[in-house]
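As written, the chain order gives the labels A, B, C, D, E, F, G and H, with residue 1 at the start of each chain.
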Amino acid sequence: MLGEGILKGLAETARNFFGSFVSKERLTTVQFPEERLPQPEAARNFPFLVYDGDDSQAGLRCVACQICEKECPPKCIFIQKSSDKKPDYIGKQQFYPAVFNIDVSVCMSCQICVEVCPFDAIEMDNAFELSTTDRFRGLLWSREQLAKPNSYFHNIHPATAAEVDERLAEAKARAEAKAKPTVAASTTSQPDSQTTTS
Amino acid sequence: MTTAPVKEATHDERAAGCGQDELLEIALGPHHPSTHGVFRMDVVLDGERVVKLKPVFGYLHRNHEKIAESASYLASMPYTDRLDYICSLTNNWAYALAVEKLAGLQVPERAEYIRVITAELTRLVNHTATIGFLTQEMGASGTPLMYAFREREKILDLFESLTGSRMMCNYMRFGGCRVELPAGWLEQTKKVVEEFPRFLDEYEQLLTGNEIFMARAQGVGILKKDLAIDAGVTGPMLRASGVNYDIRKVDKYGIYDRFDFKIPLGEHGDVYDRYMVRMLEMRESLKILHQALRDLPQGPLMDPKAKIRGFRPKPGEAYGRIEAPKGELGFYLISDGSPNPYRYRVRPPSLINLTVLEDMCRGYSIADTIVIFGTVDIVLGEVDR
Amino acid sequence: MNPPVFGVYLPIVVLAIAAAGFAIAPLALARLWSKNFSPRKPGPQKNSTYECGLETKETSWIPFRPEYYLYAIVFLIFDVEAIFLLPFAVAFDGLGLGAAIAMMVFLLLLVEGLVWAWQKGVLTWV
Amino acid sequence: MLEEIKARLDAAVPGCRSEMILNGSPSGQHSLLLDSAHAVEAATFLRDHAELRFDYCSNVTGVDWLEAQHSPGYLEVVYHLYSMEKKRGPLVLRLRTENRTDKVHLPSLTPVWRSAEFQEREIFDLYGIIFDGHPDLRRILMWDEFEDHPMRKDYVEPDDYEYEPTAHDDILAKAKQHAMGKSQEP
Amino acid sequence: MTTPVNYLLISALIFAIGLAGALVRRNAILVLIGIELMLNAANLNFITFWRYSPNPEALTGVMFALFSIGVAAAEAAVGLALIIAVYRHFNTTDLDQVDSMRG
Amino acid sequence: MSFAIIAVFTVAGALAAMTLRNLVHCVLALVVAFTGLAGLYLQLGAQFVGFAQILVYVGAVAILIVFAMLLTQSHEPLAHLTVAPGWVTSSLVAVAVFVILAWSIRSSAVGARSIQPRPEITVRNIGDSLMSQFVVPLEVTGLLLTAALVGAVTIAMREQRMNR
Amino acid sequence: MDQKLRIELSKQGIVTTTLEELYNWGRKNSVWPMTFGLACCAIEMIATSMARYDLARFGAEVFRPSPRQADLIIVSGTVTKKMAPQVVRLYNQMAEPKYVIAMGACAISGGPFKQGYNVLKGIDRYIPVDVHIPGCPPRPEALIDAFMTLQKKIDQQTLTGEGRPRHLDPEAPSEFVVPRFGAHDLEPPNNPEVFRILNNIDSRNPGEVDAGGD
Amino acid sequence: MTETMDQIFVLLKHRILAHSPVSVQPIFSAALSAIAILVVFATLFALTTILERKGLGRFQNRYGPNRVGPFGLLQPLADGLKSLTKEDIVPHSADGVVHMLAPIVLVVAAFLGYAVLPLGRNMTAINLDAGLLYFFAASSVVELAIFMAGWSSRNKYSLLGAMRAIAQMISYEVPLILSTITAVMAAGSLSTGAIVESQTGYSGIWPHWFVFTPWGFAGFVLFMIAGIAESNRSPFDLPEGESEIIAGYFVEYSGFKFALFFLGEYIGMFAICGLAITLFLGGWAAPFSFLTWAPSYFWFFAKLLVLIAMLIWVRATLPRLRMDQLMNFAWKFMLPMALINLFAASTWHFTPPGAIRWIVGTILIAVPYLLLGRGLMQSNKLEKRTYRFAD
């Protein structure tokens, strides 16, 4: 009969209309600024640099090996290696990035930098409220802007962060076992790695 | 939109029936509400009937192939996400498959299962979106599209918790998958898969028997079997024309031979068949998902031979293809032994399915053109690359 | 009591004028606003005809099909028919069966025209 | 299987001078190089032969072999054929131009498989191979006024780097140069 | 108080305008518009005479006007159809050109 | 007073309809004239005819003219103000007609007629007399309308559909 | 200055302020976007207007297909050189006041496809962008966030005086150069009125880069 | 008390008029009515836009506008302010005067119909003997306004949209008028007031609305379908079908002129709904005899809101028809059905009251409906399909 299908369709929408007042399933809106969807563990948006300890610059795990720069598909990372070295978390003398810029206006959030980083120094942030009216000043992030503490990393990706810390602790233990004599010196210079693994 | 030049007709021509050859040329797009982005059709109309239709491409030509030829194999993986940006995981798979063929990598069983699960979820995502947009093009004021996106969001949540991103998953790697399933993901997926048929039922209730929908869809945009094969049409469009050709069955790539599923076939090859084939295909996908989720084995995720960094396949070439939601998605790679592919080519299903657009639309009205175009199911990122 | 102007139709005239005022007032207000604060800035691009973002050719002539005209003819005939039908309907309860039959004959004539047109394919949108 | 097809083809189309091109990768997809003069004939044979029935041309690709690898350089078109009826494939066909500069004509296989239509146009657009017999050979991706063939290996991109926050290797050099050039202008 | 003379004068004026237009303008559609105006002027006369007739209860004038509207509508439909046919034949609606192209 | 306003509108509309260059403007002016005439009918107490005039002339005839115009008016939207060669004579004829009519109206006895009390004519009266006194004209009109429909459609669609 | 005049002036000031508040309130709460999607980000833009995120809550679900009736053009996705003239033309055809959101990496700078020969390296070369959202693609929440940033920006605009926005300034242009298709590139490659190139590139301290334009 | 509440606006008007000089009383009275109509329906327009947007939201599992003012109720105000301050673009090829006039004519024509709508007992601006005819005459001007808008823009989409709109409106005007004739026959008058009066009785608690007869129900459905088409609402919103012709006849309109088009469309929609109420749903009469204590205007507006809600519901559900289907539906289904309904109604009046009347009336309408419906489906080759599966 002509009109039967139309009536069925009307019944369907009516069910959704009335359902929207009673059932959460039929009112799926999450009112963003006030309500927020939980971000899953894996959520990623832009990379940040992890640092251990309190000093956001001295504690950077990055050793300026420039692998991420090379592997970054859209080439949005720019690193300049330092001329001097500083000890890293296991006390080994390493270079550090004199300049570490990420152009988030180019970044495609692919996570390849994280994957290729042998030092777990770069991780993915999940902050997304980054809209800005100023392209040039707001979207090129320097080392200072990129550095975030390990606690922040733990905060947003607890499982991954724990895994990373375990791995780092292991590496550290291995390094300590290898180079027993320098342990004392390195621990004094890098007290933070202890705090983070705990 | 330009008017056809009015010819200086001779008296005899005029007497023969003037006004006959007065055709109207309209450009639909590149900014048009229903050309799925920046597609453009130059349409020649006789009244409201389409006489000629020329698709114009390139408004989203993003030089994917050129960029990939100057980037490492791995670096192209996130770019494949952006080909058919509605179903990034199948793109990943097609590319990974081609590289695996090129380098001779073996994918562990668990990774194969996960690939199947994600690919079939992607098929659901794509088909819901397509059908939603189709109704939008028929002028429904958003409701079916909203319902479709409501379900799509549930699957996107799964993708996000698995891969970290809603759309640009960048999940598969040569020889496996990138990360292990997060805790609780399987249960969540099972729940979504359990609940999905209800949405399909509701959707069919809303549309399938609706007289207006039937009037708009049935007998419109008929694509004949022979033409479909000749023009290399693939995917649901081909099957709606009655050709039994599904690469999941033909190539049995991955582990598709282990699953019990059927291929829905249309008879008329019109818009309604293309819609219904997609609806039925979703139900079949759910069957596969049930089986895959049930049988998912434990084991490693990556081929131990695979390397993330410094990946250099031997010189040679390979063509790998899969049944993406839109049709046959193929990657053709030529390696010269360097870290970058020498030639990197995407065989996009959308572009080639568009070959028959003019044949399907000729003789139908402009409103039908929009609907027919909707059932071709293109994504510009893939068409123009 | 008949009003001095427009007789009993005064409310209609007043309503029309008021509605026109209702439409014009905001337009005037908008003009005032643009004069004082936000200047109108016409330009060759801005004021060219919109066509999907492409450049336009300065013509708006569309070759129309005669379908529109055929429908208009049928409409006109039925419109006139309605003019005769309405008084009949009003007087219907006071009229006998004969008048009703007369009207049916009148309608039948028109329906005949409609059927003819239908068969001729006039009512087919091409 | 490929040998068998080659034998059949050579028998059916005498002048086609098909040639096997071996593929070094594990994929084992070897290809047949056809003589361009007989390509349409050979393609028609492959499509219509009752046992072969390669009715479906999946992929058409251009490849630019610069002089560095193959001397002299040439352009190549690769066709991937499948059979929907027999459900097998792929059969890879190759056609070569004589060189990269002026003799870049090849026969179009669009009359045989319509699916080649847009792909051949694309190759014309991006590689500059002119397909004789193509029904509608126009640029497809780039605009009509465009003159270059960007997928060729020796294509030089327009220098439009105005400002590069992520100044990077050669991009940095380009951007610096550009900025300098621009800042000298008033 | 308006007198019938005013209405009749208006009617005459419209009739004259229609006549002038129909005679002067060469576009067929405009000629038709002129004719429509003349018909309407006549209608106005019907109504006026009915209103100022000694016996307005007899609805003759009104009925006449009604039928006249119907007839005029039919006339317009046929007339415009003719114009379209002529246009299709001669590709113009200019009566002079139609005239000169005859044969 | 209302008579003056309506009369001015009507005459202005009629004049504009016959003199404007742009055909669409002519039609719009014609609509004004039709509406004015409807107003005059209303003034004269013929309510039904007045509204019927608007319904038929504004709602249908004007639309018909518009369609015909868009169908025939081909290449430029402006109709050049072509006038017949003997436009002076034609105008003179029209003026003469008006003068004669005006003179005869002036001199006739109609002007002397005084208005009768407003007759209570309702739609019901019209219906009654339509179905009694005027039933034959009604049927004839029906026939005429059908004939017009058939004729107009045949003329307008000739060649068009036959060719297809 | 005498007392009366001062009172008069302050009265006018109050009038202007109220008018300004009202104007900004009306504008910011009724931003109708144009139905304009380019690429991947367009899907997220659509997702934003769908039930889950519901852009309608801000009164912005009225997607107008015609630029005449839209207030906001969300450049959502890669602008290729082939598309750029159309985008600029559409922007030009919008009625003032009009706003631009550059959504996603591609629209801001060309993003991952920046190295392509057919990709425009940022839509702000041709039209003035109000809000940039980085991300590839940005999440729907990020678009809502950008929308609120735009609302804030509108709210801060003044009706009169030097700092008034472009559309209130009779001198400021309201339409911009539409590039033509050249033999190798677009001509001109940018619009100097909108996109003022930087004089010194200092990648060390990006925060202090002397960005000429805004 | 009930009586006072019911007539409060009438009394108020009389009170105001009593204080004015006799010479200006008529004009004053007309102005009061006009202003009341304008204010009430313009407010209703604003209210409906926000209710429609919120309602559509609910149909689509979301909230809809809820942030501007309490519950988002100030949204129309913001939209209005925005439109007011938006630049007004007139394309340079457009016909300036006609372009300017079109929205005004549309609004005026849309408002004119309200003069004869009985919004409550004794609440009709002017009770014309030929009220219904007047209504149709007024609404036929809308077509002209739309043509003016489409033509003057000199845009192909807008001209195409305008032509579609006119073709659609004239096609549906015929069934619209014909379906009202049944009610006119029953009421014996063209005066809207009289039509409502004839429906005010009750049998027991049930009202004597025309919709509760077979021909009345069919007439109501036909009238509503034709009315939706007349006011260009979904699923008949082809003239502004954005998936094909961008925004239809108002593509080139910006600023407040565009808002006026919206206003005009909604006002036209209310008028059609109001007329449907007047003709078939008993106008201002209460739905049950025990509810007569509520004021008459309350019932009118309650019914109006229900009808508007129905239209929103329909809009939220249905896809759009195609142009040829739309015209086919008008001429090959609606018009025959309207004529059959006319026949059924006159048969009803010539059959004696009782069950036989109902049976005959129902059969006379249902059988042609089924036949025509099937014919329509078959001529378009519409069918339910089954699909085969391959392994």
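Assume contacts are C-beta pairs under 8 Å (C-beta built on N, C-alpha and C of every residue); 3 or more make two chains touch, one makes a residue touch a chain.
What you see is a predicted model, and the numbers here were worked out from it, not measured in a lab.
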Smallest count of steps, each to a touching chain, taking chain B to chain G: 1
C-H compared against A-B, more contacting pairs: C-H
Chain B and chain C, separation of their C-alpha mean positions in angstrom: 45
Distance from the mean Cα position of chain F to that of chain C, given in whole angstrom: 16
Whole-Å separation of chain centres (CA-atom averages), chain C against chain G: 41
Junction residues of chain F - those touching two or more other chains: 43, 48, 52, 55-56, 59-61, 63-64, 67-68, 70-71, 74-75, 77, 122-124, 126, 130, 141, 145, 148-149, 152-153, 156, 159-160
Touching two or more other chains - residue numbers and ranges from chain E: 66, 69-70, 73-74, 76-77, 80-81, 84, 87-88, 91
Contacts with 2+ other chains: residues of chain G: 23, 35, 50-52, 54, 57, 65-66, 68, 82, 86, 90, 93, 96-97, 109, 112-113, 115, 117-118, 136, 139, 167, 198, 203, 206, 209
Partner chain H, residues of chain F touching it in the complex: 22, 24-25, 28, 31, 38, 47-48, 51-52, 54-55, 58-60, 62-63, 66-67, 70, 77, 122-124
Touching residues (chain side chain G, partner chain H) in the complex: 22-23, 25-27, 29-30, 35, 50-52, 54, 56-59, 61-62, 64-66, 68-69, 71, 93, 95-97, 167
Of chain E, residues touching chain F in the complex: 1-10, 12-21, 23-30, 32-34, 36-37, 40, 43-44, 47-57, 59, 61-63, 65-67, 69-78, 80-85, 87-88, 91, 93-96
Chain H to chain B touching residues, read off their complex: 56, 59-62, 156-157, 234-235, 237-238, 241-244, 246, 315-325, 377, 380-385, 387-391
Interfacial residue positions of chain C with respect to chain E in the complex: 66, 69, 73, 76-77, 79-80, 83-84
